[in-house]
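See the structures that follow.
Next, two complexes with subunit A in common: one pairs it with subunit B, the other with subunit C.
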Partner chain A sequence: MDWVNAIVQGIFVGGLYALFATGLSLIFGVMRLVNIAHGDLIILAAFLSLAVVDGLNIHPLVSLVIVVPVMAAFGYALQRGILNFTLGKDILPPLLVTFGLSVIIQNALLETFSADSQRLQAGAIETASIPIGQGLAIGVLPLIIFVTAIVVIGGLQFVFYQTTLGRVFRATSDDAVTARTMGIDKSHVFALAMALALAVVAIAGVLMGIRTNFDPAVGPARLLFAFEAVIMGGLGNLWGTLAGGIILGVAQAIGAQINPGWQILAGHIAFLIVLVIRPNGLFPRIQG
Partner chain B sequence: MTPLLETRALEAFYGDFQALFGIDFTVGEGETVAIIGSNGAGKSTFLKSITGVLSNKADAIRFKNEPIGSLAANHVVRRGIAMVPEGRRLFPSLSVEENLQMGAMSKRSGHWTLETVYRLFPVLKERRYSPGTALSGGQQQMVAIGRGLMANPDLLLCDEISLGLAPIIIKDIYAAIPSITSEGTTVAVVEQDINQALAVADRVYCFQEGRVSLEGTPDTLTREQISAAYFGL
Partner chain C sequence: MADIPAYAVSRATRSSRIGMAIGLIVLIILATAPWWAGRADLRLLIEIFYYLALAQLWNLLAGYTGLVSVGQQAFVGLGGYTLFALAAFGGVNPLAAIALAGVVAAIFALPTAFLVFRLRGAYFAIGTWVVAEVYRLGFAQVSALGGGSGMSLPADVVRSIADGRQAREWLVYWVALIIVLAAMAIVYALLRSRQGLALTAIRDSEPASESLGVNTYRTKLVIYIAVAFATGLVGALIFLQKLRISPDAAFSVNDWTAFVIFIVVIGGIGRIEGPIIGVIVFFVLRELFVDFGAWYLMLLGAVAVVIMLLAPRGLWGLLTDRWDIQLFPVRRALVVKETKDSG
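Here is the complex of A and B:
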C-alpha cells in the first residue's frame, strides 16, 4: 500500500511541476526563448505573495488577486523593455540575459528577505486530507494544486486554439515577418505571451510557497524540474507538459520510496530514459 | 488617373549590397500593373520595400499622397497595402480559416469577409478546417490571396503567384483578378511569366538588375523590346 500511496502522491506533485513547466513551455513555444530565470521568477512570485500576506494580513490564496496581475505586468514590461531586444537569429543573447536576470533576482531577494527559509501559511488546508479507503488519503492542498494545473492548462489550451489572441500567438510563432505584414506588432504579442506566462508563474509560485519551504536560492532547481517536465512531455504540447510533470513526480516518489536520498536522482533518471527512448518527448507537437 | 502609389528614386540595400537603384514607379487607382523581370532583378525587394518589410526614406514611397517609406510593415497594412508573399507563406499551425482571419487583423472594413472570399474561392470553404499547408499548391495560393484580401486593401501586391503551379491552376488563379479589381482594389503583380503578365496587366514595368528597364502598356510594347529589357540582350 505504501507503493500505491507513493505513486498517488507523485501524481499530485506532478501537477505542481506541470505548473512550473507551463510558463516555460508557453514562452519557448511562442518566441523560442529559453528563460533561464524562470525558476527565480517562480520564487519571486512566492516572496511577493509573502510580502502581500504579511502586509495586508490575508490568506496566501487571496494574495493571488494581487500577485497574478503584478507578475503579469512585470512580464509585459520585462519582455518589452529588455527581452525583445535579445531575440534574433542568435540564441545566445536571450540565454545570457535571462541568466543575468536569474542572478539579479536571487540577489535582490537575498538583500530584501535574507537567506532564511520561508513558507506561506495557509492554515487548515495544509494538513487536511480526504480518505479514499484502504488506508489511503489524498491531501486537500495537493488536490487543489493538481486541479489548478488542469484548469490552467485547459485555459491556456482554450486561449491558444479558440481565441484571436491564441491565433496571433501561433501565427507569430510560425512566421513573425509575414504576421507583421498582416498588422501584427511582434513586440506587443511577445510581451503579452510573457505576461500570460508570468501570470501562470505567479500561481505556481504561490502554490509552491504553501506546499514547501523556499528561499532565494532554490529557483534554479525549480527551473530544472520545469525543463524536465517540458522536454519529457514534448516541446510545445501543454497537455504533454502535464504528463511530463506527472512522470517526474511519480519517478521522484518511487525513488524516495526506495531510499529517501534517491528522490531527486530518480526524477533525473526518468528524464534521461525518456530522452534516450523519445528524444522529441512523449507527445511532440504535430507539425502541419 | 489619380496615382495611388508612387515611388521616386527608391533605393534598397541588404547591408552593403544595393539591390534597387532609383526606381520610379506609379500605380493608378483601379489599375492592374505587372512587374516582370528575371530572378534577382529586384522585384521582390521592391515589394518588400513598399510593404515596409525593408525600411526606406519616408518620401521615397508615397501612398494616397502620403509618405509611407519609413513605416513598419504592421503600419503599412493599416494604410491599405496588403501583400500576397512569394512562396505563399501560410502559417502552418493555422487552419485555412484561421489563416484567412489573420489577414483581417489590420481591422479594415470593406467588401472582403470570410463569406466573400469563400464565394471567390469556393473550394476553400470545403477545406476551411484543414491545416493551410495540407492543401494543394493552387489552393494554398488561393488562401494566400484570400488572406491578403481580408485586409480589405486599396492595393494588393501579389508576388510570383504562378510560381510552381500547373498552367491550368494559374489560369484559375488569374481569373480571380477581375473580381478583385471590380471591388475597387488595385492590383500589382510580380511575374516571371511574361505572357501571363501581359494578359492581365493594364501597364507593365520590366526590372533588370535593380533598375526599371522598360515601361509601357501591353499593346504598345513589342516582343523584341520586352526581351531586350528582360534579359538585357
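Here is the complex of A and C:
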C-alpha cells in the first residue's frame, strides 16, 4: 500500500512540476529562449507572495490577485528592456544573460529575506485530505495544484490555438519577418509571451510555497525539474509537459520510497533514461 | 600585367612578440613568487591560477567549439573526489593522484557526452547541469567518502606531500602554475592546429563544416573529453589546496561554472586573451567588494549582463576594436614581402 500511496502522491506532485515546466515551454515555443533564471523567478514569486501575505495579512491564495499581475508586468519589462536584445542566431547571449539574472535574483532574495527557509501559511487546506478507501487519501492541496495545472495548460492551449493572440504568437514564432509585414510588433509580442509565462510562474511559485519550504537558493533545482518535464514530455507539447511532470513526480516518489536520499536522484535518472530511449521526448509534437 | 607579389603566411605580429616578451617576464616573476610573496598572496595566486585554467577550458568548449556547458562542475568534483579517494584509501601519492584524477574525469566524460550530446544548444547546457547534479547527489550517497558532509584529507596523507607546511604550500603553488600554463599551452596549440580551424568552422556553422569534410561529432567529442580531463586535473588541484571536500563544494555550479562563465564573458569569449583579462577583473572586483557579500555577487552578475548586452566580445573585444593587438595570434595573415611594379 505504501507503494501505491507513493505513486499516487507522485502523480499529484507532477502537477506542480508541470506548472513549473509550462512557463519554460511557452517561452521556448514562442521565442526560442531558454531561461536559466526560470527557477529563480518561481522562487521570486513565492517570496513576493510571502511579503504580500505578511504585509496585508491575507491568505496566500488571495495574494495571487497581486502576485500574478506584478510578475506578469515584471516579465513584460524584463523581455522588453533586456531579453529582446539578446535574441538572435547565437544561443550564447540569452543563455548568459539569464544566467547572470539567476545569480542576481538569488542574491537579491538572500539580501532581502535572508537564507532562512520559508513557507506560505495556508491554514486548513495544507493538511485537509479526502479519503478514497483502502487506507489511501488524497490531499486537498495536491488536488488543487493538479487541477490548477490542468486548467492552466487547457487555458494556454485555448489561447494558443483559438484566439487572435495565440495566432500572433505562433506567427511570430514561425516567421518574425513575415509577421512584421502583417503589422505585428515582435518586441511587444515577445514581451506579452513573457508576461503570460511569468503569470504562470507566479501561480506555480505561490502553490509551491504553500506546499513546501523554500529559500533563495532552491531556484536552480526548480529549473532542472521544469526542464526535465519539458524534455520528457516532448518539446512544444503542453499536454506532454503534464505527462513529463507526472513521470518526474512518480520517479521521485519511487526513489524516496526506496531511500530518502534518492528522491531527486531518481528523478534525474528517469530523465536520463528517457533521453537515451526517446531523445525527442515521449510525446513529440507532430509537425503539421 | 601585375606580378603576384611575394608573400608569406604569418601569424606572429609585433604586438604578439611584445606580448610574448611581457608574458615571459610575468612568468619569471610568478615562478619565483614563493620567495617574495606572503602565504596569503600565494593562496590568492593559486586561486587565480585555477580560475584562469577553468576559464581557458570553458572558453575552448563554449567559445571555440560551441559546446555551451553549464555542467563543468561535474569534472571539477570528479577530479577532487578522485584525488581524495586515491590518496586516502589507495595510498597513492597526492601529486600522482592529480594526474589520475584527470584520467578518471575523462573516463566519466565519455558516457556523459553520450547523454548530453543528444541535446542541442541551450538544452545541451541544462542537460550538462542535470548530469553534474546526478554526480553531486551520487557522491552524497557514498558514506565511505563522508556522504553529504564530505571528508578531510587524512593528516598522514597531507604530510606525505612534502616536508613541512611551507614546502607543501610551495609545491602546490608550482603545480598550480604548471597546470595553468599547460592548460593555456594546450588551448593555444590546439587552436593553431588543423583541429583549431575545424573547431572554428563548427562553431560558425555545423552543416557547412560537415559538408567540407569536418567530422563534427568526433571533433566535439574529442574536445569535450580533453577539456574534462584538464578540468579534472584542476579539480584535484583545487581540493588538494583546500584539504577538504564535500559534494556541495565539489559540484558547486556557482563556484566552478557561473563565476567561470562571468570571467570569460567579461574578458571576451572566443579569444585566449579574454579569460586573462576576465580573471584580473574578477579578482580585483572580489578583493574590493568581498565584504559586501550578496551585493558583490549581484554586481558581478550585473557586470556580466551589461557586458553581454553592450559588448558581446568582452573587454578584450573593446580593446581590439580600437587597436589591432593580439597576444596569442591564432589567425593567419598574408604578409606581402615586396611588391613589384604593377602596370
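Quick notes on this one:
Throughout what follows, the second predicted complex is superposed on the first by the 288 of 288 C-alpha atoms of A that agree within 3 Å, B and C clash if a C-alpha of one lies under 4 Å from a C-alpha of the other, contacts with A are read in each partner's own complex, and residues count from 1 in each chain.
The rule we apply is simple: a residue touches a chain if its C-beta (ideal position, glycine included) is under 8 Å from a C-beta of that chain, and two chains touch if they have at least 3 such contacts.
These figures come from a predicted structure and were not determined experimentally.
In the superposition on chain A, contact of A:P93 is made with subunit C only, not with subunit B. More residues of subunit A are in touch with C than with the other of subunit B and subunit C.
Residue contacts after overlaying the shared chain place A:T181 against subunit B, while subunit C stays out of touching range. Applying the stated contact rule after C-alpha superposition, one finds that A:V276 touches subunit C and leaves subunit B untouched.
By the document's definition of touching, of the two partners only subunit C reaches A:L101; subunit B does not. In the superposed model, A:I7 makes contact with neither subunit B nor subunit C. Of the two partner chains placed by the overlay, neither subunit B nor subunit C lies in contact with A:A51. Touch criterion met: A:F227 reaches subunit C, while subunit B stays clear of it. Per the touch definition, subunit C reaches subunit A in the complex via residues 62, 68, 70, 115, 118-119, 121-123, 125-127, 129-131, 133-134, 137-138, 140-141, 148, 253-254, 258, 261-262, 265, 269, 293-295, 297-298, 300-302, 304-305, 308-309, 312.
By the touch rule above, subunit A contacts subunit B in their complex via residues 164, 167-168, 170-171, 173-175, 177-185, 287-288.
The residues of subunit B lying in touch with subunit A in their complex are 51-53, 72-74, 76-78, 82-83, 85, 89, 91-94, 98, 101-103, 105-107, 131-134, 147, 151.
Here subunit A touches subunit C in the complex through residues 34, 36, 82, 85-86, 91-97, 99-104, 106-108, 110-111, 220-221, 223-224, 227-228, 231, 259, 261-262, 264-265, 268-269, 271-272, 275-276, 279, going by the rule given at the top.
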